[in-house]
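Dropping a structure here in structure tokens format, bear with me for questions.
First chain written, first letter: the chains are A, B, C and D, and each begins at residue 1.
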Amino acid sequence: MSATLLYALTGCALFALGLGATVLVTEPLRRVLAFNVMGSGAFLVFVGLAQRAGVSDPVPQAMVLTGIVVAVAATALALALIRRLERDDDDAR
Amino acid sequence: MNVAVVFDGVLAAGLVWAAAGALLGRDRYRAVILFIVFGLLMTLAWVRLSAPDIALAEAAIGAGLTGALLLDALGGTTAATAGRARRWMVLPLAVTVAAVLAAVLRALPVRSGPLPDAVSAALPESGVTHPVTAVLLNFRGYDTLLEVAVLLAALLGVLGAVRHAEPVRLASAPVLQAAARVLVPLMMLAAGYLLWAGAHRPGGAFQAAAVLAAAAVLLALVGMISGWGRPSLRLRCAIAAGPLLFLAIAAPLAGRAALLVLPPQHAGLLILLIEAGLTLSLGFLLAGLFLALLRSDPVDTGKR
Amino acid sequence: MLIAWLIVLPLAWALAAWLAGARRGATIACAGVLVQLLLALALAREVAAHGPFTYAVGGWGAPLGIDLHVDGLSALLVLLTEVVALPLVLYTRAWLVAQEQDGTYLWPLLGLLLAALHALFVSADLFNLYVTLELLGLGAVALVASGGERKQLAAALRYLVASLVASGCFLLGVAVIYGIHGTVSLADLAERVPADPTTPTLLAGALMLLGLMIKTALFPFHGWLPAAHGSAAAPVSALLSALVVKASFYVILRLRLSVYSGWAEQLDWLPALLGGGAILYGSWCALRAERLKMLIAYSTVAQLGYLFLLFPLLAVGELALTAGALQILAHALAKAALFAAAGIALLASGRDSVAGLASLAGVLPLTWFAFGLAGTSLMGLPPSGGFLAKWLLIDAAIMRGQWIMILLVVASGLLAAAYIFRILSCAFRSAEREQAVALRPVPRTMEWVAFALAAASVLVGLEANAIAGLLGTGGAR
Amino acid sequence: MLEFASTALMLLGAGFFFAGTVGLLRFPDVYSRLHALTKADNLGVGCIALALALQADGLASALKLLLIWPLALLASAAVSYAIAERAHALGTPLGDAGADDPP
């Protein structure tokens, strides 16, 4: 059980935790945290699994780099929507 | 050898603990702080997986920018705590899914795919010596082109959603401004170094852009620059310049046979050009994701 | 070369439209989509003449670089994207003027969305598909939210969370596939995966399928679609229902035909079962819907389920694929026409309830004609494209002896007729005509666009052999 | 010799971190905790950076490692000022041992 595979299995745990929390927790901000954790889990599995034989592989690393940038874009959009929804709440109250 | 195994074990446990704390904890403020801790632990994990580029990106973007966005979002929202009812259902579901995934992945034969050798074989013609940058900007440059489009879509979505906000300028704090005056030039220097180093060492356009964005976030927080209302034409041109340059280089123009063909003899120069353009534009873009969302300081408006 | 421009051009004019501001942005968008339509026509003609071709981006070739594979089906869908996009761009321009809104963020987002659609239909690389799906999802969410109203923002947030969960599952599937086979190129995987039906590959396939089903809003996962398509602006929901939702279905079809073609026969009943459930549930909700756009959105849920009936019949070969392609074409055009007409009704009467349509009885004849024509195509009455799709599907079902399938196909036609007549019946209720509310003038171009889209949906039936020809040369293996 | 010096510095750094954490847990109010954190931890960072610099392979990487220390000092000084100023603005009381806040 090499170290990289340990990180791949941690990735599975994080993915499952994130998936469960995104689906079940109803509070919007917590859901943003959840799908970020889910994404990080998937990235860990991507690199951990690809490098389980100990050979460092640049292709999944480049893909995960793309994934992290996409994740921050999605997070910013989600937070903007939450901001507007809760600003309308404040005005409504 | 076992010290490394202990370290990995503790780090893996720490990751899961921080993630569970962030997602299932009661108080929102603690959750965001734990999420930032989770981002920093992820950075360590990427270093252990010998992926320095991702560690840089995770620290700058995953923990840094996302953390700043979350803390800023936390300021205004009412401290409603998540409904207890459905949260206990998360753990059993997570444990079963994780068990299934782990069981299947453990059984896989331990071998490495063909691509690492293919990359090192094609590296000489890629124009750069660092494999990750070669994959990111030459072999799979098409993914990066679409990824820049994703960032643009997100910025347009953010600006479209909060467009009515007039630009906000936080109260200026003289001491912090002094610190910012020292830090910001150093951050710009670091961004330039990361951009230049990307060709032969871990670094590159996205990490450099994230550092530039961090400098802009710092300036905004200390009240030296204001948030964004409706971005002026100059700002929009700055953001569009990098992607347009990338498109111009990528498009099959002037004899280049196909999309994104970088002739080997001056591929290095072209990649540096693309990366420089992207660093500047994505720096503004990532900063824009934060500045468009900037809110007035809750303490001043007494909305505690 | 054509395909490169079909991806670079929309990105370029999206940026130009953002820099130019709202007013000039509209003209840039119209010009851009017009040029793209010509490029798409040329691409379709080239594929029909020389058959499918593979295009190595950056010149590096499959496992290392990214390949684009253009065959009959993808050329047809790129052409469909442009055929639907051009009228909708004209419609949106008139719609924005009538609503006194400036589309500063609408035009660039439209450009990014079209680029994502083109890139997705021709991609032959799993991770590239992930990035295009993500661009499609974020672009669609941003478009839904660009309206600025509260219920649009709530629907956009729910759509975004569903889309991100789906992308996460799809990405994990890609990660596991890369871990096992060391490549993400569809061509390489098409050789390796069918010969290796081990559980990890099956698990990766299940994860990808789950993600794509959520993005296609198939029955148990359709929760986000009615709110998003129902509350978005009319042209936006037309674009989303006609094209964006179909993109992830196309990816499922592409994976099923090439990578998971080996031993997927036993699993084909699952999508068909869910598809049947979607037809019944979607139609039932459409019958009960109060608001007009919600009715049309639930009709999308039903018609998408209809597409999934295709899977058990794929073993028949070309016939099933042609039926599926026709159904995608007919439904895209008909649904775009319905949402366009609904937008006109909303603009004119100011009320979006189905009952509110009665105040339009006897007014706006062209819009009612568009409703009728689009309805015939959804119901599957001859000679519309919808009818031909249903006919070919029944043929394939008879060949495979799937009797329940025939029952479902006919039932879906009847249920579609039921909720379409709910709309059309309002046209003849002259009783409510007297207390008609003061109707606002509707720009003629909007009515002509709705009518043109509906007519195109019927014409698809007449042009079927040309479509079958295009598919025949390039039918995915 | 170098090996011995860097391990000694490493242990010293760890000691400072330990002291900082104890301070964080034990001190009564925000202000004194800030003291513990900024003072002890910064020395810890300094020692560890020095220890690593001794073992760095080249002068360039040694200098880059040493650059971490002033940056950490600047950052923690600015951050602790901001926290203290905000805590004071929100009127968090001084610890029970301290005298009342001067008017």
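For this structure, a couple of remarks:
By our rule, a residue touches a chain if its C-beta (ideal position, glycine included) is under 8 Å from a C-beta of that chain, and two chains touch if they have at least 3 such contacts.
Small disclaimer: the values here were computed from a predicted structure and weren't measured.
Think of each touching pair as a link: the shortest run of links from chain C to chain D has 2 of them.
Comparing the CA-atom centres of all chains against that of chain A, the greatest distance is found for D. Each chain gets a centre from the mean of its Cα atoms; for chain A and chain D, those two points are 31 Å apart.
With centres taken as mean Cα positions, chain C sits 28 Å from chain A. Chain A and chain B have centres, each the mean of its CA atoms, that are 12 Å apart. Across the assembly, chain A contributes residues 8, 15, 18-19, 23, 43, 45, 49-50, 52, 59, 63, 66, 70, 73-74, 77, 81-82, 84 that each touch 2 or more other chains.
Counting only residues that touch two or more partner chains, chain D has none. Contact with two or more other chains is made by residues 101, 105, 108, 112-113, 115, 119, 139-140, 143, 147, 150, 153-154, 157, 161 of chain B.
Under the contact rule defined at the top, the touching pairs of chains are A-B, A-C, B-C, B-D. Considering their complex, residues 4-5, 8-9, 12, 15-16, 19-20, 22-24, 28, 31-32, 35, 38, 42, 45-46, 48-51, 53-54, 57-58, 61-62, 65-66, 69-70, 73-74, 76-78, 80-83, 86-87, 89-91, 93-98, 101-102, 105-106, 108, 110-113, 115-116, 119, 131-132, 134-136, 139-140, 143-144, 147, 150-151, 153-155, 157-158, 161-162, 204, 206, 286, 289-290, 292-293, 295 of chain B touch chain A. Interface residues of chain C, counted against chain A in their complex, comprise 127, 131, 134, 138, 141-142, 145, 150, 153-154, 156-157, 160-161, 164-165, 168-169, 171-172, 174-176, 178-179, 182. For chain A in complex with chain C, the residues that touch the partner chain are 8, 15, 18-19, 22-23, 28, 31, 35, 38-39, 41-43, 45-46, 49-50, 52, 59-60, 63, 66-67, 70, 73-74, 77-78, 81-82, 84-85, 88. Put simply, chain B touches chain D in their complex at residues 173, 175-176, 179-180, 182-183, 186, 299, 304. Note for the complex: chain C touches chain B at residues 1, 3-5, 7-8, 11-12, 14-15, 18-19, 55-60, 63-66, 105, 108-109, 112, 115-116, 119, 127-128, 131-132, 134-135, 138-139, 141-142, 145-146, 148, 153, 156, 172, 176, 178-183, 199-200, 203.
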